[in-house]
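Quick one: this structure, given as structure tokens, is what I'll be asking you about.
Order of writing sets the chain letters: A, B and C. Residues in each chain are counted from 1.
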Amino acid sequence: MKELLIKNGFVYDPLNKIDGETMDIAVRDGKIVEEVKKGKTIDASGMVVMPGGVDIHSHIAGAKVNSGRLLRPEDHYKDVELKTVLTRSGVGYSIPSTFTTGYRYSRMGWTTVMEPAMPPLKAKHTHEELNDTPMVDKGAYPLLGSNWFVLEYLRAKMYGECAAFVAWMMNATKGYAIKLVNPGGLEAWGFGRNVRDIDDPVPNFDITPREIIQGLCKVNQILNLPHTIHVHINNLGKPGNYVTTLETMRCVENLATDNKPIMHLTHCQFSAFAGEDWRTFKSASEEIAEYVNSHSHVTLDMGQIVFTNTTTMTADGPFQFTLYQITGNKWVNNDVETETSSGIVPFQYKRKNYVHATQWTIGLELALQIKDPWKILLTTDHPNAGPFTAYPKVITWLMSRKARDDVMKKVNKKTRRKAPLSAIDREYSLYEIAIATRAGQAKALGLESKGHLGVGADADISVYNLDPKKTNLADNPEAITKAFKKAAYTIKDGEIVVRDGEVVNSVNGRTYWVKVETQANLFEIEPELKRAFEKYYTVKYENYLVPQNFSAHQTPVTAKARIKS
Amino acid sequence: MIVKLHLKKEIHVPVDAESISPDVFAGKLVEEIAELPLWKGNRKVPLKDVFGVEGISGKVTNELVIHIDGNLSKVQRIGSGMTDGEIRIAGDVGMHLGVEMKGGKITVEGNVGSWLGSSMKGGTIEVNKDAGDYIGAPYRGSTEGMRGGTITIHGNAGTEAGRYMKKGLIRIDGDVDQFVGIHLKKGAILVRGNADGRAGAFMTGGKIIICGHLKSLLPTFTIDSMKSKAKVEEEIIKEPFYLFIGDLAEHGSGKLYLAKNKNKHLETHEKLLQ
Amino acid sequence: MTLVKNVTCPICGTLCDDLEVEVEENSIVDVRNACAIGEAKFLNFTDPKHRNLKPLVRKGGELTEVSLDEAVERSAQILAHAQYPILYGWSCTSCQAIRVGIELAEEVGGVIDNTSTVCHGPSILSIQSVGIPTCTLGQVRHRADLVVYWASDPYSAHPRHIERYTSFSDGRFQESEWEHYVTRLRGVLGKKRLSRASARISMREVSIPPIADPKLPPEFETEKRKLIVVDVRKTRSAEIADFFIQVEPNRDFELLQALRLLVKDEELEVDKVAGVPVDLLEEFADILISCNFGIFFFGVGLTMSSGKHRNIDAAIALTKDLNYRTKFAIMPMRGHFNVAGANIVSTWQTGYPFAVDFSHGYPRYNPGETSAVDILQRDESDASLIIASDPVSNFPRNAAQNLVKNPMITIDPVVSPTTMMADVVIPSAFVGIEVEGTAYRMDCVPLPMKKIVEPPKICLPDEEILRRILLQVRQIRQTGGKA
């Protein structure tokens, strides 16, 4: 029995409606409990206590991330981590090596991170890397929005069969949620084409993105998966794409029941562009916020821009090709048979560039104009809009108008003149930050034992050296950044793993995947699938599967499906 | 103010001597310099384990001269990032000499290893014998080439001299290996000897002058004109040159001057000028 | 007797995973679906003449049989005391073993390098300078209507590549060209027979007909999959190709750059590039542009000829240029079955794919400086661990000489010139036959390697051997043995 008491901290636990009350948090054997009698005590007086940070969308592992690492030695040279007795060495910056990724998240107080783009054919690769990413719990979303089986089932409106296939897929890839990236567009990219909007049919497949989105949304409902469908829209990163974003959200409106989210629209900053072209480009954050404020079936995350040299990487092959054309930088494209594509382009976000500066405002505008913080979560779409190590900065921008103004003074003049951000006064409270970085993320992911500090929750806790009673945080942005950069303590499963921003204990963390439970035999389609499989893939069916014990610490989460037998 | 270092004995594993630089030495006593850290293979050792140290150090970088002798061919990264002062090397020296140098002067009596003056921004380097590959070139993956300064090699040079150079001057009195001036953006490279071929591959701007024979011209260069002289900084080379423009595969407008008298095989291009 | 299906072949980067192996009393009696090389490996790997079956340590100049513990202890001593050890090989073992190898390299402050340093290292350097548009092999099977093998002879080196993934495979949007090929081959064989017959009749040597036909065959107009081979000589693969372009040795760079100009609709000022008439090149450029999905596969003929990684720069740049006109991809033909895996594991753990130097306590990377061959040529290393590789035969002479003059540990199932020169020999089990694990195909698709038979008792998996050495090294360190 291992016990721990965190005494006298200002506790922010939004899922239990605790807003900065001075409380003790008791931990026994990795779980939060009512009280403990003995064991170690952390004096957290004058400090902020929150559930461990949760990241719903961060590219940390797998084929694409690793190609990014390989592509950019120049990203690593000057940002290195030395080997210590406890920790492995590694490199940063925008695409850190696996060990370094785990340590850096943990140092900021994060304890759960989701890899949002796993090509099923290369699922083993993702899991091998997650296995080497210490300190945090993890999961990965298989890419299904251009998968041939999915497209064929949905074209035939065989939702039950498609659901059975997706359930099989979660098991085969040890996946956590359904990911759609430029639905249908990635199949078109197989021949160098794309789809124009959600009603433009996918070449050779006679199905529209709208049908794919709606279909997988229904499948997700049938399977009762813990997370909603996780959508990267068509036309991402194009001026005027907010129309596509609105249509994407609207197209599943009718499927919503009891005010519950049924779609997560990711890195929304890249999907809130107005204008005809890059010259007339402007923010459409108001249009998006207005819709989200009056509907409850979607959650979003920010994809906040940071002015830095980073690496863009998405499964959206055609989008990455456009970035290559714009920048002339080195470019990786990697199409995966029967499933998906991917692309990588190094990118420098510059303050003085009108488009980049406006993108910076869009992310913040969305977070500040959407009233309900449960609906918009904090991300940088690591590393696309900036590395996750910039979270302390993003938190500061949300909490302090002064911090935003300081940046505004230095950005492109036209942006400064036009951006709605200049007129926004709202500042997040620590309670709202706890929602945007923990509670809201865990809730959207359906991770019931994460994101809160109630009895029974996993003892994933972060303690920050920040005293909201003594310091007016909004006026002291540096204090916010400093505190969130280096957690005073990070506690993972009841163990102190970080103290004063340094790793003091290296732990592995689990990899979650969703095991669908149903009365129906989910593998009924197997013989049929196997036959098609031989035709569609260059690997054998048996060799495609990620075995149960493939990597250490795989942890199934069960979902009770509603498939009829 | 001169600090003299001499190699105590032959070394086997490579020595990383980033701390041998006027910027680091300035303001330190000789005894303190002797304690500066070096990497000898995977061991951190004080400088005095590898070098004997004598002389008088100075307070100010620009008054400081570091004189080093012994076979330094396995000693790397001397003068890394230096901003001022002078380093004189009596014999051969290893890789990464003067990387990211910003100012000051380095002279080498002997040969020098690869990545001489990588990504340097200013200052001068002079080598009396031969240099290795990648003079002034950035490291793998990077396109931050030389941004300024002058490198002079009195002997021959290896491949890819001046890769991604943006500003500055490289002078090579002897011959160069393949790919001189690859990805050149701006700045100038003067080769007084022969070049092994593929000069200016992927270049988009800048100037390469080859006074000797070029083994073969890339098919992606087009003849522009005949010139009676070529000019680099104040120096004028008075002899007839072919001026080619390229690399067209990169839509480049770099200038490649090739001495007419040494490159008879290019005569066929002359008819395109008529 | 048992039949093991879906076996992945531990030979080359094609990593065929459809082999069927028949096992009787822990011995392999038959193999189906494999190429000749794969079959030979499965049927002959147990040959005791070639197998390391005893841990050996050199004592008084002679390799002497010792216990495994002693061999491990000796290895740990060598590595713990070395100031700049090299840990080399890694392309013929599992990713699980490579993971431990990197941890060991980090612990001893050594340089870990894999065989890509002497094959496709230049391809990686090139990717780092320009990127790469590529795909998995299934994309080629389903979509490619143009397949170009450049300086690569799959017929000999990757025997099932064409049949499984390219011209002779059957895809969703592209049919196999197998039948077409058979018809044509019959014609070619007939011609050869005729010429041999005529040689006998006329009693004189008939010279082989000239190989480079500088005109495109008429069937090129048809809408079928096309196979083109570009090489310095007419290889076996070139014989089955629809068209063969012969390039002068060491002139690929010029040819590729010229093509880049042509696919941008610009003109060349010369009549011939690398021995190829410009007319023909223009036609070639047209074919490249007008396909729906094209792919270049390139081999070490391109990475190791004059220009090295700059040849690949040009090939990738051409592929990028072609993507403005159509869909085009490019892929290196990786040799050893898990060389891609060695790069991949190294990259996720250290940020760099090969030639990683831990001597300063963190990963540093600079091929040319931190690559095994270069370190050895400069004679900077003082010890080595070689795993599943034979550098004594494959490295340049002076590099090999400098390698063997310092303490050398080898972990290998087979006897090789390297194991014979070693100071410590630790026998190991064959990955993919006697040990399971993960390997990555040339297109970076992970595949499971199977354990089919039990290894000899003394032959442990590489992973296990490395773990034991690592443990010993840590013990030596803790007791202050490092000083």
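Descriptive notes on the structure:
One rule holds for everything that comes next: a residue touches a chain if its C-beta (ideal position, glycine included) is under 8 Å from a C-beta of that chain, and two chains touch if they have at least 3 such contacts.
This is a predicted model, so every value here is computed, not measured.
Arrangement of the chains shown, judged by which pairs touch: all-to-all, with no pair of chains left without contact. Looking at A-C and B-C, the interface holding more C-beta pairs in contact is that of A-C.
The distance from the centre of chain A to the centre of chain B, each centre being the mean of the chain's C-alpha atoms, comes to 46 Å. Centres computed as Cα averages put chain B at a distance of 35 Å from chain C. For chain A, residues touching at least two other chains, in rising order: 71-73.
Multi-chain contact residues of chain C (touching two or more other chains): 128-129, 358, 365. Annotation for chain B: residues 139-141 touch two or more other chains. The touching residues of chain C, when paired with chain B in their complex, are 82-84, 108-110, 125, 128-129, 253-254, 257-258, 260-261, 264, 266, 268-270, 273, 306-307, 310, 313-314, 317, 358-360, 365-369, 378-382. Across the complex, chain C meets chain A through its residues 5-6, 8, 17-18, 95, 99, 103, 106, 124, 127-139, 141-143, 164-165, 170, 172-173, 292-293, 320, 323, 326-327, 329, 343-345, 347-353, 358, 361-363, 365, 438, 440, 444-448. Listed in rising order, the residues of chain A touching chain C in the complex are 61, 63, 66-67, 69-73, 76, 80-83, 88-91, 95-99, 121-122, 124-125, 128-129, 132, 148, 190-192, 204, 321, 324, 329-338, 344-345, 535-543, 547. Taken together, the chain B residues at the contact with chain A in this complex read 138-142, 144.
Listed in rising order, the residues of chain B touching chain C in the complex are 12-14, 16, 39-43, 73-74, 95-96, 114-115, 133-134, 139-141, 178-179, 182, 198, 201-202, 216, 218-220, 222-223, 247-249, 269, 272.
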